[in-house]
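Two complexes are shown next, each including chain A; its partner changes from chain B in the first to chain C in the second.
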Partner chain A sequence: MKLTSAFLASTALAVAFSPAVAQEMSNEMTIVSWGGAYQRSQQEAYSKPYVEMHPEVTVTWDESSNEAVAKLRAMNEAGNITWDLVDVVAADAIRLCDEGLAMEYDPDDLLAEAPDGTSAEDDFGDLIVSDCFIPQIVYSTTFGYRTDMVGDTPPTDVCAVFDLEAYPGKRALEKRPINNMEWALYCDGVAKDEIYDVLATPEGQDQALAKLDTIKDDVIWWSAGADTPQLLADGEVVMGSTYNGRLFSVIVEQNQPVGMLWDMQVFDLDGWIIPEGLSDEELARVKDFLFFATDTQRLADQAKYISYGPARQSSAPLVGEHADLGIAMAPHMPTDPDNAKNTLLYNYEFWADYRDDIDAKFQSWLVQ
Partner chain B sequence: MADATQTNAGASGRAPDDASGQAQDSGATGPVLAADGTPLKASLNRALRAQKLRALALIAPLLIFVLVTFIAPIVDMLFRSVENQIVSETLPRTVAELSDWEATSNTLPDDATFDALYYDLFLASEYKNHTRLGSRLNYEQTGMSSMFRRVGRDVGDFGDLYLDQFEDLDERWDEAEPWAALMAHPGYLEDAAEWRESRDADRIDPRDTPAPRFRLAPGIEDLLPKTAQAYTHYAAFMRTEEEETADEDEPWTLVSTMLYEDLMAASAADIAAYDGPMADALQTAHAAAPDFETMTRKAQFLEADDEWGNLDNWATIKVYSPSYTSGYFLTAVDMKLGADGIVSQPEDQQIYGLLFKRTLFMSMVITISCILLGYPVAWLLANLPMRSANLLMILVLLPFWTSLLVRTSAWKVMLQQQGVINDVLVWLGVVADESRLIMINNQFGTIVAMTHILLPFMILPLYSVMQTIQPSYLRAAKSLGATPFTAFWRVYFPQSVPGIGAGSILVFILAIGYYITPEIVGGTSGTFISNRIAYHISSSLNWGLAAALGTILLGAVLILYWAYDRIVGIDNVKLGG
Partner chain C sequence: MPTVLPLKKQPFSFVGPVSAAAGAFAGLFVGTAQGSGLLGILLGGALMAGLAYGLMTLELPRRATRWGIAAVFALIGLMVGGVMGLIVGTAFGAFFGWFPLWLADGRYRAGLPPYLTAGEVLWHYAFRVICGMIFFFLIAPIVVVMPLSFNAENFFTFTPEMLRLDPAGYSMQHYEDFFQSGDWQAALRNSLTIAPVATLLAVSFGTLAAIGLSSEHVPFRQAIMAILISPMIVPLIISAAGMYFFYSRIGLQGTYLGVVLAHAALGIPFVIITVTATLVGFDRSLTRAAANMGANPVTTFFRVQMPLILPGVISGGLFAFITSFDEVVVVLFVGSASQKTLPWQMFIGLREQISPTILAVATILVCLSIALLTTLELLRRRSEKLRGMSPG
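Our next item is the complex of A and B:
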């Protein structure tokens, strides 16, 4: 009852205060996202209710977020932007903002207030990590392990990944330096708050690679988020890193013998950017949609379909139960206090600066 | 159009050749004339030319289509491997100043260079070009990305030092309108006010009707040259980027900095002679300027980030300042264009040579596997009765109708350690459960999956060539006393070589550019150079290096094709009967 009235209230609010009611709006919108369960959660929570309110709008989904930076750059060079709204991780948003490919925005102007009147800027808080980035969810990259392959001592420490004696078998790690280098240094004895200072030096990078070298022969490198859940389900790997939402669906929705290892999970953000160079009509439509899709209730609704934490503080108390399974979603959120005892926050500034350098080193280490 | 005339010239070039042969024959009896009295040669030429033109007109749509949609984009992409205008376009003044500086001098560039850098970077950070330049230079020198990113955040504040002191003298120095009155032509201000009015009343769209073009106040350029230049840049920025007029906002701190420099250079008499707007403020500022607290630009840059004191970074800017560079190609062959010329990359960063060799080697292995597997199948297809051959043919073609990704993923299911093949082997007791074979995420997996995927490209040309080989030849050889092997090897096989050639070229060239299959099943030891190209296109955004790698790959294929032509002869290749 409470939820319904909140829903009605915020819908009414959205209709009444939509910023561009009088303006001409394009009736077609191309939204770029990641595909899979994540995109489905966005469709259920944002675009379906929006299209119900505005039946004249056709929404096209493009599953290109993986290559969004390169494609946006190509579109920009060709002078023909065909996307209206793009879902990217925060690091890519920073890059796009730096290259002038994403539009800067004013949170209080574009986004709805919280139901209690808190301004959007305060409601999102620190999560607005770039002037172009409109946060949506908090997710984490963490490990899952096969409960039937770890004996009586399920791992509770991320360094189990580097412990081939206690946990023999293959591991799945992402084919990029980000996160892997941090875990390697942490498990090589570097204090958590010094990880990035160490990683900024060539010696520190070598140290991290040397630690990864100890398990290199037992690693299957993944590049798509769906790889690790599949490898775990097949029993190909004993443990592997991936996004927590993917592990949630393996464990809860597909009932596989997989357990979560929340230790040293790395928090990251995902959200929207508006490409630079839209026409006025397209921009008006995108703004109208965003005002609706990023309000408190919509972000909380998304958590019914996938276990990612909503980016607004005001959405957290509204997170309810899984849409199909009816289980409480809160304990499966990466931000749940039980899960977030030892965490790392993705260091956007560091990786924006060092991504090229460390990536070159990591990739040549990989093929050697 | 140029191509059309060229082709035409080339085509008609042959016609006179034929005709001149005739002319020589008839040389003794004088030129042969056509019915209308013109020489037959000319008449023939005209008829042929018309024919050629008509033929050309018929293929023109296709030719133009191919040129525009295929050749041009490829050439454009390959051209990126040498393009490097970004440095001289983003930092034009700095690059000019640096031409006198030598990295070997072991001293930092002079103050004039830092002044130029300040001006360039201020503009670049307003236009948000500096991070793009930083990423470009970071490919060559580690850490330059962060250097540009950091300074881009700070460079806007360098001028606060002067702006604050001007403001202490007179509040108007921090306001939009007094500045505009000082710098802008009165006519511009009138136009600007009018334009603003129609914009605010929504009568015009600022995108279609930009603000009026900025004009400097008369005489101000002589009095304050640097300030005038900076203010003009500011006004242009407001017009194109902000869609506003110059007097709507207070100018950049760059303008205040330039004003300080102009005031220090100007004589008191010139300043006193000025009687336009803000004359009083200018005089006060001129009197006070010598006592201003100052800081050299070099000191400001070093305070913002001490990387600006690193000679290697400056050497990189200088080495990569020309508009065209060989840097990407050198990187693509594991070398580096540094301050002291061309050097090899450190051992632990050499990857491209290894990957090129691996790509060629694995493509050859795949081609040979395809020949070995495809030859018997093609032979069967060609020699079975029509009905069974057609059935087999469908089996060969079936993979063509299945998605590449599905076929590759199927191999994953087959080959992985908990996969079908390992399960069967364990069940049979051939291998122990603990020592299951590793057949995927390595070279073996890539070779198996790609051989399977490319097999039809070998079988089809082989089959179509084998179909044309008369079975009676084999029978004749046997009846003359050849053993089955001799008959096959001496009679049948040589006739099927054109099919092998065609199949091998197809398979090899397709294999060398494959990337999805190696990406999925290749792990780290089974990846190709194309995986790196894809990485540089979509992840690292180093398109120049990707283009250089692509150009080398294309060159390698062309050389191999040429070698094949020399050894086997391209006329010996048959795709069909």
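Our next item is the complex of A and C:
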């Protein structure tokens, strides 16, 4: 409340003293994100310092990233774009870009260069997976297990998920084929670099489902990132997949008896898209904000609040300590060499091509 | 009701199996909580049959025995489940120290008409047990939320500390979070500004519509009624999607006014239905009498008709208020993030981060709903009394 009235007061002042700025850029910005701890990290690292520098700006956060694709389609159809900046996973960004709902951008024009002068395009490197996608973090989907329910031999291998004899009990898996199919094939003896070749064939898909069949009765399917932490804290499941930041929060911040299984974690990217169809003033404000919010220091700052790896190479050395707990964050990053010994990268092209088919197959397998 | 027949002592062949059945039922819950439901049923049944036999054959001083049994059960409960076990154990002990003797003495027939057959007596009690279980089924999910909202941890989990009734397991932190977090307070403010205005609109339009639709000379009354009530019948998601596109075109999407209008449209059917029902009992000759005495229609409405249909108007208004206050689907479409209401905030909170703050809010909302419904019930009784329908 106090903050808002301070904003309002300073907005009035800013309007009175700097009419030029107020005319060029919109002073209101609606940013769409995922809610929870992740959104809080963005607020702390990006929007709070930005608003301190530009007190005339009010930022509204909308926790709608989950249904961003559907909502942007509806907004486009209704001719009424009410979002200024949207945080989405890379796969959604690719879809939105293909449909013309997200704006294409030039990295070197829009984004700041690294402190050592490296261009933004080189600093982000391969992580710019789409012409519309402005990478922000690298996160991974991986497993956590109850340390008090696995006996004396905590799992170190992702195939423990499929081993009901050594680790009896329920497992939490995401209610979609992505990642689950890859893990199933890997644990069914398929070599890591052949997984997607196998998964492209109907036989390979059946093989993956057959492997999943062996644990189907012991799976609790989750659909929101908060489900697995809750199930683990409850002791309802012995292990479960979720985003590594959620597990970090359960283990380090909430002190639950949960351990991290980094083996075969699947890397994925999350970042911004600018919706197509903003007015000039809105676009000017968003560009100004993005230039600030994606610079090397800001991306490194975000890692103080959540254990996701910054997307810029130049940010990695700047990752410091947790903002409240004061522990070093680097060992909790999915990209830390100790954690990233055996990993998989989300295959955007494969899933863009096969998602609909495999989704249908997976769903009908689920109800069998 | 005085009993004509003296109470008849019942043999063990009746008391034993009934006690065993009750014991098995209790054992099912205790057993499930301890790991094996089946074992619980068997043990509970056997234990209670044995207890019934003991109570019937040994002529012990009753009061002392009952206290003794309660104490023994309480002690067992304490050893198994701590303080919580003590409470449950005492309750079970008190019940099972009394139940077999109540059966054996034939006291269970005391309040019933003497001509009932055994089957009818069984049904009399079975009916009560079934009613109790339905009531439990309806209320348990709501009640279980309340202690969880005092959880000291950030999960929806009854921690061992909570089950031991250890004060360290409880805290007000989620209530503090609700009252201190900017997001929740903004949501509360939005809900508290949207709901009353939407209610006011719904009550004004709904009451006028109901009065108009209850006068005989209005053409197409049925059709108009059906259209006005349709928001209640059409699936909410369809209204919401339709409103989204319509409001976007006319610039109402994402505005405070848009959400208020949408919620008013949802609330109007409730007002129409309750006011129409009150109007059925309204004597039209009163308005003619008022007109006869020189009052114009507006005066007649406010001085004669309105006071008489007021209970209907208020209960319709309460429903409209609750509809707006609880509504999440339409506001997700029609509103934007700056009109985030409480249900919206709870919805995203549940999806993105399962935090007991949601339970704290739910508890507050349940208390609010109970207060509103109590008001409604009191108003209804008052209106019945005024109309002389109830002797109270």
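As a convention for this text, the second predicted complex is superposed on the first by the 345 of 368 C-alpha atoms of A that agree within 3 Å, B and C clash if a C-alpha of one lies under 4 Å from a C-alpha of the other, contacts with A are read in each partner's own complex, and residues count from 1 in each chain.
One rule holds in what follows: a residue touches a chain if its C-beta (ideal position, glycine included) is under 8 Å from a C-beta of that chain, and two chains touch if they have at least 3 such contacts.
Treat the numbers as computed from the prediction; the structure is a model and nothing was measured.
Partners chain B and chain C clash in the overlay (superposition on chain A). In the superposition on chain A, contact of A:Arg73 is made with chain B only, not with chain C. Shared-chain residue A:Asp357: touches chain B; no touch with chain C. In the superposed model, A:Glu99 lies in contact with chain B only, and not with chain C.
Contacts of A:Asp234 after superposition on the shared chain: both chain B and chain C are touched. Of the two partner chains, neither chain B nor chain C is touched by A:Thr156. Using the contact criterion defined above for the overlaid structures, shared-chain residue A:Thr201 touches neither chain B nor chain C, since it reaches no partner. With both structures placed on the common chain, the touch criterion links A:Thr147 to neither chain B nor chain C. Residues 66, 234 of chain A touch chain B in one complex and chain C in the other.
Interface residues of chain C, counted against chain A in their complex, comprise 153-157, 182, 185, 244-245, 248-249, 253-254, 336-338, 348-354. For chain B in complex with chain A, the residues that touch the partner chain are 127-129, 131-132, 135, 138-139, 142-143, 145-146, 149, 205, 207, 348-351, 354-355, 416-419, 441, 519, 523-525, 527, 532, 535, 537-541. Every residue of chain A that touches chain B in the complex is listed here, in rising order: 66-67, 69-70, 73, 98-100, 170, 220-221, 223, 234-236, 280, 352-357, 359-361, 363-368. On the side of chain A, the complex with chain C involves touching residues 1, 3-4, 30, 32, 34-37, 39, 60-64, 66, 74-75, 77-80, 82, 224-227, 229-230, 233-234, 254, 256.
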